[in-house]
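Multiple structures follow.
Look at the two complexes coming up: chain A is in both, with chain B in one and chain C in the other.
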Partner chain A sequence: MKHHLILKDLSFAIGDTEILKKVNLTIPHNKILAVIGPSGCGKTTLLRTLNRLSDEEKQARVSGEILFKGKSIHQIPLAKLRKDIGLVFQQPTPFPMSIYNNLAYALKYHGVRGKGNLDTIIEAKLRLCGLYEEVKDQLTMSALKLSGGQQQRLSIARSLCVEPEVLLMDEPCSSLDIHNTKIIEDLIVKLSQHYTIVIVTHNLQQARRIADCTAFFLGGKLIEMNNTEGFFTNPQEEETKQYLQGLFG
Partner chain B sequence: MEQIFEKLFGILSIIFTIISIVLLFLVIFFITKESVLIFQEVKFFDFITGLTWNPLAGEPTVGILPMILATFYVSMVAVLISLPIGIGCALELAALENERLKGFFTSILAVLAGIPSVIYGFIGLLVVVKFLERTFRLAAGESILSGGIVLAVMVLPYIVSSVAETTEKSYEKYKETSLALGVSKSYMLRALILPNAKGAILTSMILAFSRAMGETMAVMMVMGNSPILPKLLGKGETIPALIALEIGTAGLGSLHYHALFSSGFVLMMFLIFLNALFYLIKKNLTEHLE
Partner chain C sequence: MTNFPLRCWTVLSTVLSIGLLFFLLSFVFIKAQGVISLNFILAKPAGFPVGSAGGIWPAVAGSLLVTLIASLFATILAFFTAVYMVFHCRDDRIKLVVNLIIQCIAGIPSIVLGLFGYAFLVIKLELGLSILASGLTLAIMIFPYIQIRLQKLFLETNKQLLEASASLGINRSYTIINLLLPMYRKQILSIITLASGFAMGAAAPVMLTGCMMNAPVPESLASPFMSLPYHLYVLIGQGISLENAYGTAFVLMILVLLLNLLAAVPTLLGMRGKR
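Moving on to the complex of A and B:
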């Protein structure tokens, strides 16, 4: 299996609070990796260290290494790194501007010029996220007027616009209803043909439905990682078994 | 005992609320009452479009167009100078991550707003007026421009605080989403935070403009106070300055006296209109945001 990101002894702390402790993890290429674990186990922080958003925190301390396509992420210019490794947040956060401008925002920064070029990319990404048919006549409408599910798909389309290779998703369905969750899950599966996806989720069933591999975190440590089938049917570690049985959560 | 206290407190707060509302209406009523008398002798239209102000002549004329224009002119100059500086400050404040530095700048702005206007006038006279005299080789530097510059400093805190209120909020809200797209902070300020603050900028302009129109002392000290049509580098007299300078010497009940009240009335009407506009836009914006 090809590996896209490799974490070596990754630790992360804010001040004296250790959040990640010596995590060793390999993230496979163009697969869906689900990261599960109870609240406060460091799942979200893990995502944020991958695109160095965690560096924005005050008193952040990182040790260990993260290799992206064999190169330390600290050697990659920040703008490039974050363009290549996109992040979709838990809460859909459309910018207070039109749907079109939401998508053009980062494109323009990264040097895409000309209305024709912008239009092509924007239409393609909206189509990919199944949003184009719904909004094609309203591209100048404020994105704030979209429904929650549409906003989250817009957020995903926005992240995809800058052509990332990896897409990190932090509980992207937690604020959505069942119907929209289904739409996003189908989208994620579709996207995994072209993108490496790491999804943090609270929802074990969701991990089971869509992920190729699943990793379980507890107290900032990686307890176990396996392909999803094996992970759920034959967990190796005692903590994993207890968590899957719902003994703590 | 506790209950009586509760009740008493409730009644007192209602009374004080009523007092403040009544006060406002009394002010409007009194000024209107003292103003309307003059319109038996001078037509309202002639009053606000008349070019000469000579209430003490044998045949007195009271036209306040030069003062109206000077008031608008100097306020406009002030807002135009202050706006870019204020917007820049507000953006910088929003993006400032260092809380201590942010607190320091905010308190500096508060101090700036707290300086008495007579001090501003004083500094304006010493610095701005002198500077204009030297730069433009003027006989006298007292002018609309010097008034505008002094006023610009005085309204700056209002512009900064009302724009920063919006920019800080939206910076907090969108910072991570924007950073995660790989764009720089300065691009975010330019392409996201600034356009999103359009409404706040507009309301801050109106707020600053109405502050500037009502300002008296500092403007009076640096503008030369001649009731002539204003030019940027020429003297001018604003309505507040006119009233402040002449009300003491105007005979009670005379045409002069009532004309001064009427000009106050005109100023007040402009300000009420601006405030209503401010309120409407602000309301529209908050609804839009929700």
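Moving on to the complex of A and C:
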């Protein structure tokens, strides 16, 4: 299996609080990796170390190594790294501007010029996220007027505009209803043909439905990682078994 | 029952403060109604001593221009200071010291600022008694008002919006110019307008730095000028014409009031849009 991101002895702390402890993890290419675990186990921090958003926290200390396509992420210019490794947040984050400008915002920064070029990319990404038919006549409408599910799909489309290779998703469905969750889950599965996806989720059933591999974190440590089928039917570690049985969470 | 006196007092305070404005405006208007006319606003001061007859046009123009200069310089300085404090400075000690200094600037008496402007800008930097020296002195006076409000505005920004922008590989400058500025356009405009009103009404910082008893509409940044508050001060202080002084005061109040109303326009329009 081809690997996209490799974490070697990754530790992360803010001041004296250790959040990630010597995590060793390989993230497979163009697959969906679900990261599960109880609240406060470091799932979100894990995502934020991958695109170095965590570096901006005060008193952040990182040790160990993260290799992206064989190269340490600290050797990759920050703008390039974040362009290649996109992040979608738990709450939808539409910018307070039109739907069109939400997508054009990043494209213009990364040098895409000309209305024709912008239109083509924006339409393609909206179609990919299943949003185009819903909003094609309202592209100049404020993105804040979209529904929660539409806003989250817009956030995903915006991340895709800059052509990332990896898409990190931090509980992207937690603020959505069942119907919108289903739409986003189908979208994630579709996207995994072209993108490596790491999704943090609280929802074990969601991990089981969509992920190729699942990793379980507890207290900042990686306890177990396996392909999803094996992970749920035959967990190896005692902590994993207890978590899956709902004995803690 | 215990709620009642407090409620009475809150309503009374509100009515009093609104009433005060109307009382002030109508009092000044009644005293000034003999001189207020379009001609009074658009004519040059005349008579002997000057100001006892004629109008106040050079003072209206001078006040507007010096306010414009002050707002421009203060906004540029305040904007970049606020951006530094919120988005770039990571050392809490530096933030504390800068905040303290800005609060101190806000507390400087305006006549002391005028003296500083005279000693430093007019004499040391050889700007001479000019509208530029006065504008810069006023800029120092209103800088803290703009800076503190801008800083508060930026601090209240949803952190996730900034992170979403950073996660697209976008740097801070682009985020500030293309995301925050359009987002806060209305608030920033109303902050600047309110500070302009404050600058327009100040006499002390301009009287030592470039404001004259009698001067034409300034032709360049190096020209001396007339301003409404100083004109008012001279008319009353030297007992030249009480009626013209009330006329000047009325025009000044209306200008400041208009500026404040202008600051409220974007908010009012926004409220209409939401309904």
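FYI, the second predicted complex is superposed on the first by the 249 of 249 C-alpha atoms of A that agree within 3 Å, B and C clash if a C-alpha of one lies under 4 Å from a C-alpha of the other, contacts with A are read in each partner's own complex, and residues count from 1 in each chain.
In this section, a contact is a pair of C-beta atoms (placed from the backbone, for glycine too) under 8 Å apart; a residue touches a chain by one contact, two chains touch by 3 or more.
Quick caveat, the model's predicted, so the values are computed rather than measured.
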- Clash or fit: what happens to chain B and chain C when chain A is overlaid? clash
- Kindly classify A:141 by the partners it touches after superposition: chain B alone (first), chain C alone (second), both, or neither? neither
- Once the structures are superposed on A, label A:53 by its partner contacts, choosing first (chain B), second (chain C), both or neither. both
- Interface residues of chain A shared by chain B and chain C, listed 51, 53, 56, 58, 78-83, 86-87, 89, 93, 95-97, 105-106, 108-110, 155, 158-159, 162
- Note on the structure: As the complex stands, chain A meets chain B at residues 51, 53, 56, 58, 78-83, 86-87, 89, 93, 95-97, 105-106, 108-110, 155, 158-159, 162
- Write out the stretch or stretches of chain C touching chain A in their complex. 90, 160-161, 163-171, 174, 178-179, 182-183
- Message: Taking the touch rule as given, give the residues of chain A at its contact with chain C in the complex, in rising order.
- Response: 51, 53, 56, 58, 78-84, 86-87, 89, 91, 93, 95-97, 105-106, 108-110, 155, 158-159, 161-162
- Note on the structure: chain B residues touching chain A in their complex are 97, 170, 173-184, 187, 191-192, 195-196, 289
